[in-house]
Amino acid sequence: MKDVNKKTGLARAKDIYDHRNKRARELKAEGKKIVGYFCCFPPVEIMTALDFLPIRLLGDMDEPITVADGYLPTVMCIFYRSTFDLGMKGRFNFIDGFIGSHACDAAERTSYIWSNYIKTPCNFFLDLPHVDKGEAVNYFKVQLNYLKETLEGLAGKKLGIEPLKEAISLHNKQRKLVRELYYLRKPDPPLINGSEVLQVIISIMMIPVEEGNELLQEVIDEVKTRRDIPDKKIGRLLIWGSLIDNIKFTDLIESSGLNIIVEDTATGTRPFWHDIEETEDPLVGVARHYLQEVKCPRTFAETDTSYREDLENRYSYLKDFAKYWKINGVFGNIIRNCDIHGYEVPAVKDYLESLGLPVLIIEQDYSTASLEPLRTRFQAFSETIG
Amino acid sequence: MSFIVGLDIGSALSKAVIMQDGTLLSSGISPSEGNFLSAINSVLQEALGKTKLAMSDIDLIGACGLGASFIPHSFHKISEILCQSRGTSYLLPTVRTLIEIGNQSSRIIKITRQGKVADSLVSDKCAAGSGRILQIVAKVLKVDLKDMGQLSLKSTQPVKFTTGCAVFLETEAISRVAEGASKENIIAGLHQALTARIAAMAHRMGLEEDCVITGGGAENSGLVKIMEEKLGKTLLVPDNPLITGAIGAALIVTEKKVNLKKEENHAIETGCHC
Amino acid sequence: MKTENKKIKKKSGKTLQTAREAGYFAKKMLKNALQAQEEGRPIGWSMVTWWQGELIARAIGVELVFPENYGAFCAATGGAEKHLEISDSEGYPTTLCGYSRNSIGYAKLLSDNNFVPYEGAPGGGLAKPKFFLAAGVACDARYKWFQALKRYFTEAPVWTIDLPMPGTKEFFMKGNKELSLKYIVNHLKDYVAFLENLLGTKLDYDRLDENVDQAFKTLALAHEVDVLRRAVPSPMVGADFWSIMIPHLYLPDDPESYEFYEKVYAEVKQRVDNKIGAIPNEKYRLMFAELPPWHSLGFFGELAERFGMAIVIESWNYHAILPIPEEEFEGVTDPLEKVAMLTYYKWTEYNKVAVEYDVDPGFFMAAYFQFAKDYKTDGLLAHPLMSCRPATYTLLHTKNTLENKLKVPGVVIDGDIIDLRVFNEKEAFSKMEAFVETMDHYREERKKAGIAW
Amino acid sequence: MFYAGLDIGSTITKVVIKNERKICTTVIKPTGAEHRRLANEIMEEALSKLNLSTANISYIVATGYGRINVPFADKQVTEITCHMRGINWLFPNVKTIIDIGGQDSKGIKVDNGKLVNFVMNDKCAAGTGRFLEVISDVLGVKLEDIGEISLQSTQPTNISSICTVFAEQETLLQLSKGTSVEDILAGIHKANASRIYSMVKKIKVEKDVAITGGGAKNIGLCRALEERIGFPVIVPPEPLITGALGAALIASEETKKIGEKELTEKQLNRRWEAVTFFDEKPTK
């Protein structure tokens, strides 16, 4: 494992980010089975506990979508069109298991279509209730059981309680380290910039959890002590909305007078912000966590109160974020055709502006080719802050 | 011994053919230049002239294209997709997939052994995917449309365009020139951008051999080459890729003539705008 | 805007007398709600939840109106444009569901006019809701949209009624069906508690039971009409269906709906018995995928005239449920359980077909494989909806697989349920003209493949 | 003290030099491909009109899409902020600004002198000055005349294409159908206006509304927009310079922010020579 000229910390993260599937392919060669999954709802704990390497299936803003157009309409979420396009082009041809999920319409329908055209030895569609109360948790736990059974089939062994508990605490440790990393952005300027964090987050979604935790620790130690920290900028930015998985995007933002401080996205805080409660039957904790604690507008929140209270219920965590990190501007990132975030836009604006935070909403095309025109928007936004 | 005229009155070019019992007698091509009526007359004259025929000798006219409604004679209007497929398989019977890069739009048409349409896909929302942008950029670079193909083949590093919009592409081309990018690289980059869009359509349809490319774009060897790379298929080009539509119109109207006896209810359009 | 100049075709393409009368039910829903408002009875704005939530709400005495249906209503009467513009200026993305954008715009106007429908609102407008009945099934818009509407009705709660949507393979995993039904029933109990507490009245389970039976009765009859439609030539067309679907989709528990379908059945049966086709010379039998362009229904009339094309069957999700085998009901007494079965069976009824043809998902797409055979269709007319995108996601997939597995070709005509800009009639016709050849070609292909009908 | 604002747009470059009280001079020139050389020339021209030397200018702000290509600017600011500032200085009551540039169009919301929201279209030529430029070319009418001409229209034609290139074709078609240039242009303005409106309505159009940028010089377009908006709009006397004006205003503020020493330092370090990596041959 250890060798002298092995990259560490940020350099290592960049390396993994640049060659996302390299480690997976290596481990595959060593006989490990790889399971790819959609969005942050299929529990990685179950995969880890069965000795699989879970990897998050992402799109590629640099790769023009071509093949997918034969299967998915262009009016669909561009991120999932891109992900499917890569799948059809064989980018993920090494995975042994495919776990689709009912994260949103696009994820759901793409999951079905994926399993029709991209034959993976084992695949499963994880249904996820839209409500998180009452019987919903039990129903979701039932679905998790089917996921477990299916993966046990692939692993050729049963999932024991102990291994699952171990996996949960390993991933909880990862969550803790990620939060620690985010806290390093409290000072102004932050100790670590958006592109660096993104590289780390993407990396830990592509390698085994132990390696991920080791990487996180390296990065934290490195960042705490390094001299060359990011420049001070006018904007301390909270990003809310659709995910960002390409540093060309974060670079563009941070070269427009804005420092990215915290990302409330599916490649940001969302998968990591809460630990899984360690329950008697571990699946209970897992079910509760993914259904109730992974913040995403795809899960419906009760609204039997006034609109104001409703906003408070749904977004108070953003207020906490803003307070803790001294946020002075919010970028609402909407990948074109993302309905679940699209419907939230006026509400989340109402809420954040009531906190005195300016909000910039951009519907973007998930393509590096169409990034540059956004520069003026970000610069203008930083001018509204400063 | 009836003489049939086929007309394809496109936004850029008007084309006419004269056919007799399924054989091509003559053809004519002239730019539409916004005056369809005069373009129609001149292509008709050109085609008639070559055959020593007069309008009075013509039994039937079949027509397609944007400007067909300007035809000052009675004619049958036929969908461009049908004309393209029938005309192309007349010239190249082995065609199964047709890629037409026209001035207004690009089309992918799947064709049956009988030269009939099996499936079709058209880009018509905006000019980004149409051959029009070739013209536009040719004007910017002051090169002849015909030479673009050859020039692009000399490219060392194709320019990357950041916009899809044909109009902005023009402006972007201008500033690339200013930054000292070579004509070759700009044209090659343009071809890249255009073929990417059309390839995406082609993928959507799925390609069956033989693949044929027609329309103005087919005369551009550079474009065809990049398209072949992008699709991983060899593309056949008819000797005269411009008149496939007109031929198709003539052939289909001949079939219709037969049917006409059966179903009288078939409407005959007459140009009435002039 | 292009829409201003574009004339809306009055010609509806309907061929059934009963279809012409069906408009009564849409108006009835709006009227009843406005009346309920005057009498101070509770009104709910509801999604189509495939009967899961509606039956219970009505049984406890709520008048329901359906913003979805109102969207179509506004589109057909040309009143949508105004609402869409307001939704845009409120900051909602223009890519959202057109129906939702329509009702968001309307909601803004309603709240600005302190909850009195504005002068000249289509159909007299939707009355102010006491609560919202959102749905987890089918698409995200169906709960996000009502959640968004709360912005304009601050004290009206939103209840999201959920439905399991497992994949086909997962549906057949041991015990999933039973456990899913258990989930739904308990979920419905919470819903009943929510209603009782909101309205301060108890649910009369006997009344619910009657309504549920009435609904099953109506739906069974509506299904019989679907069966009649297998006849060649087709006794009715899509334009008829989109009118007659309203009673069974929205008001199956209303005795008037049943009476209505008796009339529909009689009219259609009479045509079948006498081999009368809905259109003069039926040459091509088409399946229609997704919702029609409400603003240009005349288009279908012209397809019939020009090419002899008849729409013989439409999207599975708007049709009545297939009959549930008697034995399934053995020992089932709780009306909530019947409701759960009704909706869950509807959404999983074509999973067997999905397995048979090895396609996913079972809903939305698998039904077309059954339809293609039962209705002897020549092609699929797919109508991707820019403003109902989720319904569109599986269309290309459906088209591809139908062509590959059954040699039934598809044509894609971009359009919309509300926004006129997307629909290019001229282009559509030239596509359809070419599609005639495509269908001829595939008829031959089917013969060769031995799947002729 | 003098302050300069330099707005390098996609088609036109503008300079405003002002002092504390008023605009001293303005220069408006077509933007060539070589921003850097042009930036220099046009500054020289503006200065010579006032017989000033570069040393007299305390602070220079560059804006517009060519802003990064001004080697001697002390600060770059986006045209969005600059238009807002310029208009706000001219018409303090304006809440909504519609900027119709050659290469893009923008909607800007102002709330007592602060930029609160904006939208822009730079993806597609529809709804921008380019659209009108292309059409006027086809019709062989001078761009500056099309507005007036369109007002003569009795029945505007319906231009259904959104894409500029197709609208061009449609125009040709109309021409050969014998439709009058007036009616075509009226149709074109209608189409362009509704395209622009459907963008700006996303930020709520509130009184007062000002139109600026090259498009504002087109009376036909302004009328068409007023029709869509439903009430009259304000057009500044010289709509082209509002960006440069805003830049000059920001320049004077910046001057006050920074100390004497830093100021002179800035002035000394300005690189006036027209450094350019562009090829020297003019392209036109």
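Brief remarks follow.
By written order: A, B, C and D. Residues from 1 in each chain.
In this section, a contact is a pair of C-beta atoms (placed from the backbone, for glycine too) under 8 Å apart; a residue touches a chain by one contact, two chains touch by 3 or more.
Fair warning: this is a prediction, and the values are worked out from it, not measured in the lab.
Shared contact partners of subunit C and subunit D comprise A, B. Each chain gets a centre from the mean of its Cα atoms; the one farthest from the centre of subunit B is A.
By number of C-beta pairs in contact, chains A-C lead all other pairings. Taking each chain's centre as the mean of its C-alpha atoms, subunit B lies 39 Å from subunit D.
With centres set at the average Cα position, the gap from subunit A to subunit B is 47 Å. Those residues of subunit B in touch with two or more other chains are numbered 204. Shown for subunit C are the residues in touch with two or more other chains, namely 91, 396. Multi-chain contact residues of subunit D (touching two or more other chains): 123. Because contacts link each chain to all the remaining chains, their graph is best described as complete.
Those residues of subunit B that touch subunit A in the complex are listed here as 160, 162, 196, 199-201, 203-206. For subunit C in complex with subunit D, the touching residues are 1-2, 5, 85, 88-89, 91, 94. Here subunit B touches subunit C in the complex through residues 79-82, 85, 109, 112, 114, 116-120, 122, 124, 204, going by the rule given at the top.
Partner subunit B is touched in their complex by these residues of subunit A: 64-67, 69-70, 369-370, 372-373.
Residues of subunit C touching subunit B in their complex: 396, 409, 424, 427, 430-431, 433-435, 437-438, 440-442.
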